[in-house]
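The following pair of complexes shares a single chain, chain A, combined with chain B in the former and chain C in the latter.
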Partner chain A sequence: MMRNNFFRDNAALLGVVVILAVLGVVGYTSMGQTAFVRTTLSGLTLGALFFMVAAGLTLIFGLMDVLNFAHGAMFMLGAYLGWQFFTNPTFLFGLAPLILALLAPLFGWLFARLEIPEALQKSAPSLLGLAGVVVVFLAVRGLDILDLAKTAMVATMTAADPLAEATPQEALSIFWLRTAGMFIAGALLAMATSRPGDKTRTVHTDQVRRALIGAGVLLVFTIVATLFREAAPRAVLLWDANLRFFAALLVGALLGAGIGGAIEVTLIRPLYVRPIYQVIVTLGLAYVLREVIQLLWQPLAYQMSRPPLFSQPGKAENIFEWFRTNSVTVDVLGVTFPSYRLFIILLGVLMLVALALLMNYTRLGMIIRAGVQDRQMVEALGINVQRVFTLVFMLGAGLAALGGIGAAPFIPVQPNMGDAFQLQAFIVVVIGGMGSYGGAAIGALLLGLARAFGDYLALKYSLSPAIAEASTVIIMAIVLLVRPAGLFGRKE
Partner chain B sequence: MGNDNILEVESIHTFIGQFHILEGVSLQVPRSSITVLLGRNGAGKTTTLKSILGLTPPRHGVVRFDGQEIQGKPAYEIAAMGIGYVPEHRAIFRNLSVAENLKIAERKKGDLDRKADFIFSLFPDLKRLYRLPGNHLSGGQQQMLAVARALVADNQLLLIDEPSEGLAPILIEQMMETIRNLSATTTVLLVEQNFIMASQLAENYYILDDGKTVHQGKMADLVQDKELIHRMLGTAVRSGGAG
Partner chain C sequence: MATTKTETQNLSLKRESPLNRLRKEWAGVLILLLLAAFPFLFAWFSGTSVTDGPSRFWQGLMITFFIMAVYAMSYDLLIGYTGILSFGHAAFFGGGAYTMALWLTHAVPVISSRYRITLPGGANITEVVLFVAGILLVVLVVTLLGLLFSAASARVRGVYFAMISLAMAEALHILSKATDFVRWTGADEGLHGVPVPAWINPTQNRLLFYFVALAFALIMYLLVRRIVDSPAGRVFVAIRENESRVRMIGYNPVVFRSIAFVTAAVIAGLAGALFSLWNMSATPTMTGAIMTINALIMTILGGIGTLVGPILGAGLMQIVGQFFYQWFGPRWPLVFGLIFIALVIFLPYGVIGTWRQKRYAWKRAIQKMFGKG
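And then the complex of A and B:
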């Protein structure tokens, strides 16, 4: 009986594997090894990128019923943020104090709700005082402790990227005033909103104190960020470029998650009772984000250079040799393939594994899986589903942003770079079944391969390249005919 | 007054979309007892439970739990105050294993470990099925899991919606026994169409009709009043009256 269940439960997966195996054998024999391997690897690269966008999309839709049309914009945003951090983080660090200042109300509000241990509340004033002293010391001493300023220009020149030059910043004095002004406004807002939701209760002094602690902590952060505004980007540019690249992946993903969280809390959350408006809001947001990006970076296409780890001249005979040579291409089964693209495939696989671990072995994952099926019941168990929504939105946005940075070194960084990926990701979600990250992985794999082999066929028989794009829609149609809920969707 | 009643509902009005579903429901649930909500299909019994929990928050009226007003609070806060919910139609998480279905109901770390023995003593079957996915359970087993899930956290009040629905007679007996046992430690507000079950378990009853509470009293008195039973509960109860 258990065995029967195994085949029935995994029918979709087995079906896909069998079809892929058959097509693989046909392709291998008709195309020859070189063309087949090259096309397959291209397909896997594309599939990995599709998956990074689709994974968040499917979870957000499955759990929250939100069709997030701003997901491609998160991909684009991630690419810009990561690329900026990698090539010239001046701008990002310059923005940090302003953003921190803007966060003052949020931080105060958060702290008013948090349970802060009694002991910490008691010692908070002295801790903040100490932090203040440190900040003042840094300010007086000047932050250029490592004498970074002098070496900074050298570093930016050797980065050999036309954009990597220390762009002039606004005078610190003016910047200070602006940051301080925003912060005070924010702190006032924080106190205004520290009242708990229940209108029958008055503000507890305890809550005001906590909100103030929150604002105080943030004030220290803001001051430090302001002081670091000039030294930090220089320091980052002095890092090893590989380290900087991986840091860029992390920074981009975290910033993407943060922006996603802010979007969910401010724009999506008030509209759960009006799902249509949510769709309109995300559509509008996609345009706004794109316009903002164009404003900040001009409507140009940029190219992010690959980190040295994947860009040494020459070709490695195999993966192991690549570890030593870090060459730009690797020989895989007789095919010369860019090593960076192999890294993207690895990144996609790692993400799938991480997501599978999160979904199957953590409480958050359990709540998400349960919530995809029955949100109300999860809430009826005493779980704050709203908070889980925010986390999932952050997770999805972070993954999309990570995909964006991953893609930046081999597709142009430009304002509309996310659109095509968003469209494909929606198709992936439909194929895989709403709410199933495993389905998204399979769907992304299918679409990536379809695109790659479609392109190959179009080139070989000099057909229109539109055939590759059409093939993804055809796959979707076939899957929906066989399984209306998608490969791993559940019939309700 | 707030002391003997764990739950007090005062003329709540609930809207779903633009539909006015509850038009004044009032209830009082005394501590450590079983109170049953009766009424025809569509009378608003399920909506009443959901309104108490805040899943469909009432627009007007007062809900007091343990002396505290809870209407308007988010559902998760209300539930976390100590209310367990067993929804109708055995709504367990079908894509989660039995273990996970119980684990997810923990409100404090270790809740399940502390309650496991108690839960398995009520539902020995669940021990055997512990690792299976929820959708492999039979209907009766799913119903048991739904009840068990509400017992994991420390709840003072259980809202149980039609536990006998679709169960074989022998299982209904078992379920009755279980609920009776539970009522020794927790208060139960039960929605039940099976009048035999309702009449044997409950001390107090409320009858809903068209979104309003129309009758209330001691179960012992209702059992005598065949005419009222027939008028208010109609065919759904005739089989019960015969038994």
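And then the complex of A and C:
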């Protein structure tokens, strides 16, 4: 009885394993060991990247029914942020005080007890919001953001001494006015969103106290960021390049998550009543993000250099020797393979493990799993679903951004770099079934291998890899037509 | 309710005399006359020649506007009227553009060097016949594309279809960039210097091309309006509003969705073909996702689910975009993107849609006031 159920429940998984095994044997015998191992490893690298993009996509869709067409843009954004941090973080540190100042007063509870004349109550939010936007514009007026953004571009060209390009920034005497302006704008926006004068709402003293502490902490951060905005990039550039690279992974993922959270709160949340428009707004967002990137860094392709950990000349005989030599390539089963790509595979596996732990052993994971299954029930149980939505959106955007930085050292960093990955992630999600991160992992593995072997076959028959890429769409079409819920999705 | 009332009004309108109809649509006729006279009016006001200088430039802008208006209108037929969330519209536009460009570049010179088609009187009409054949080929190709998309839409709905349509269009985009076909498509560069027949060549005969584009836009507008007002068009709207109910009543939604798809595909493909004639090129950007997003922006900007809306949106995008280009430099689409997002959140029905809503509210308020008074 038990065994029966096991086979029936995991039919798709077993089928995949059997097919992979058969194909593996066929491929191994017909391609020869070297070509087979190399293609498999390339497939695993691609699969790891696909997984990082697809995992967030599938969680966001499964939980919130939002198909995020800006997910590829988050991947691209992550790559740019990581590249900036790694090459020359002047831009990030130069803007940090302004962003922090804008965020600091966004603890709406502070203003929840605000008294406002009855007559103004209806128009107050829009008036305050408008005033906030105007103050933001006044605060950043004349700030040469483009000049700040240029630093890493130039640094790539003169890679020898990154410190030489750490250009002086605006004098502090002017800059602190901007920070103050942003702080006021943030306060205005906070007032606008906190339903001022609404007497039906009860505010706990505890909430106000917590908001006060939060705002205070952020204010301190803002002041610190303002004071160290010139020293910090220099200090970071003097770090060991490996440390800087891992910091870039972390910073990019965190910034990606932060941007994702901001997107959810400002753009997605008002549109839950109009689901179609959510999809449309994410598409518009992808367009805007791409334009912003092109505005800041020109529509050019950049190459982020690999950290020294993966770029010492020579070839390691095996993985263990690599730990000593840090060479650019490693010999894996007789195949010379870039060590950085092995790191990407490791990163993908680590992400899968971390996600599995999060989903299965934490309270948040439990809520997400329950929410994917039945959102109304979770809401009815008194769980703040809105906050979970924001967290999941942040998680997904952070994962995509992490994938972007991971990919940056071996694919060109350019404005449309996310499009191809988003397309492949869609296919992965469709194969794996919406809402299942395990399905996304298997789908990513399948698609990565399919792409790698497709490229191999295409080259063998003197075609371009583009043919293999386009034909993956056929896989998606077949899966959708045969099993619309995906291989591992639940039937609706 | 209100819709049935407008429906009966529309039905009765068809039996009216032409003069009466003209009187009802005086605004449209006036705009049409203004557009027809635009090259001459512009030349007269700016004191330049009709055939060169700024007036030539502005004619070019207007030509792009007409083509984009048709493209946006065809998209609205899908997303606004039938409620199909399709993100692969660039496939039709680019498919039409590439078909026309490939036909003119690779097939027409070969055929016309070998065969001559003459009228009984002796006039050589090879060029015209081949051009018409090209248009028919475009219609055939995009019809097949439309059928392909509608086959997918028969099976999957909503965001799933949005995804698969985007993927299918992206596959076409990848193929249009693929280096395997570089001999035919020019890969990344695209096809340039398409040998457009002399009589419709936009560089030699700009003014004529202007009127061709205007006539094309007018015919397509009338066609789409006819479709929307037809019983089939009513079923499109019904599918948007409640698909299972449509099925209950006895219409097959799959069939009507296919009709909508093929119609929209053909119109977008023709617009693409004209666009490739106008640019004398076909490039991968015409099949790219940005092209679809442009259609979406124009539709939302003007007003989704209306016919005048996409036209207005295209006009705003082209004409205002020109000023934005002067003010903001090459990154002007950013401003449009931001406006687009603001519209989606604050004015989801666009310029025309919001105006129509408010107009009815005002009308009702006035009626109420006078009815009681």
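In this section, the second predicted complex is superposed on the first by the 397 of 492 C-alpha atoms of A that agree within 3 Å, B and C clash if a C-alpha of one lies under 4 Å from a C-alpha of the other, contacts with A are read in each partner's own complex, and residues count from 1 in each chain.
As a convention for this text, contacts are C-beta pairs under 8 Å (C-beta built on N, C-alpha and C of every residue); 3 or more make two chains touch, one makes a residue touch a chain.
Computed from a prediction, not measured in an experiment: that's the story for all the values here.
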Superposed partners chain B and chain C on chain A - clash or fit: fit
First (chain B), second (chain C), both or neither touched by A:Leu399: neither
Partner, of chain C and chain B, that touches more residues belonging to chain A: C
Touched partner set for A:Met31, first chain B, second chain C, both or neither: neither
Partner chain in contact with A:Glu469 - chain B first, chain C second, else both or neither: second
Partner chain in contact with A:Ala370 - chain B first, chain C second, else both or neither: first
Which superposed partner A:Leu103 touches (first chain B, second chain C, both, neither): neither
Which superposed partner A:Gly382 touches (first chain B, second chain C, both, neither): first
Contacts of A:Gly284 with chain B and chain C, given as first, second, both or neither: second
Overlay on shared chain A, then closest C-alpha pair between chain B and chain C (Å): 11
In the complex, chain A residues that touch chain B: 5, 198, 200, 363, 366-367, 369-370, 372-374, 376-386, 490
Residues on chain B engaged by chain A in the complex (per definition of touch): 53, 55, 69, 72-77, 79-80, 85, 87, 91, 93-96, 100, 103-105, 107, 136, 149, 153
Of chain C, residues touching chain A in the complex: 85, 87, 152, 155-156, 159-160, 162-164, 166-168, 170-172, 174-175, 177-180, 289-290, 293, 296-297, 300, 331, 333-334, 337-338, 340-341, 344-345, 348
Partner chain C, residues of chain A touching it in the complex: 61, 65, 67, 69, 267, 270-271, 274, 276-277, 279-281, 283-288, 291-292, 294-295, 419, 423, 426-427, 429-430, 463-464, 466-467, 469-471, 473-474, 476-477, 480-481, 484
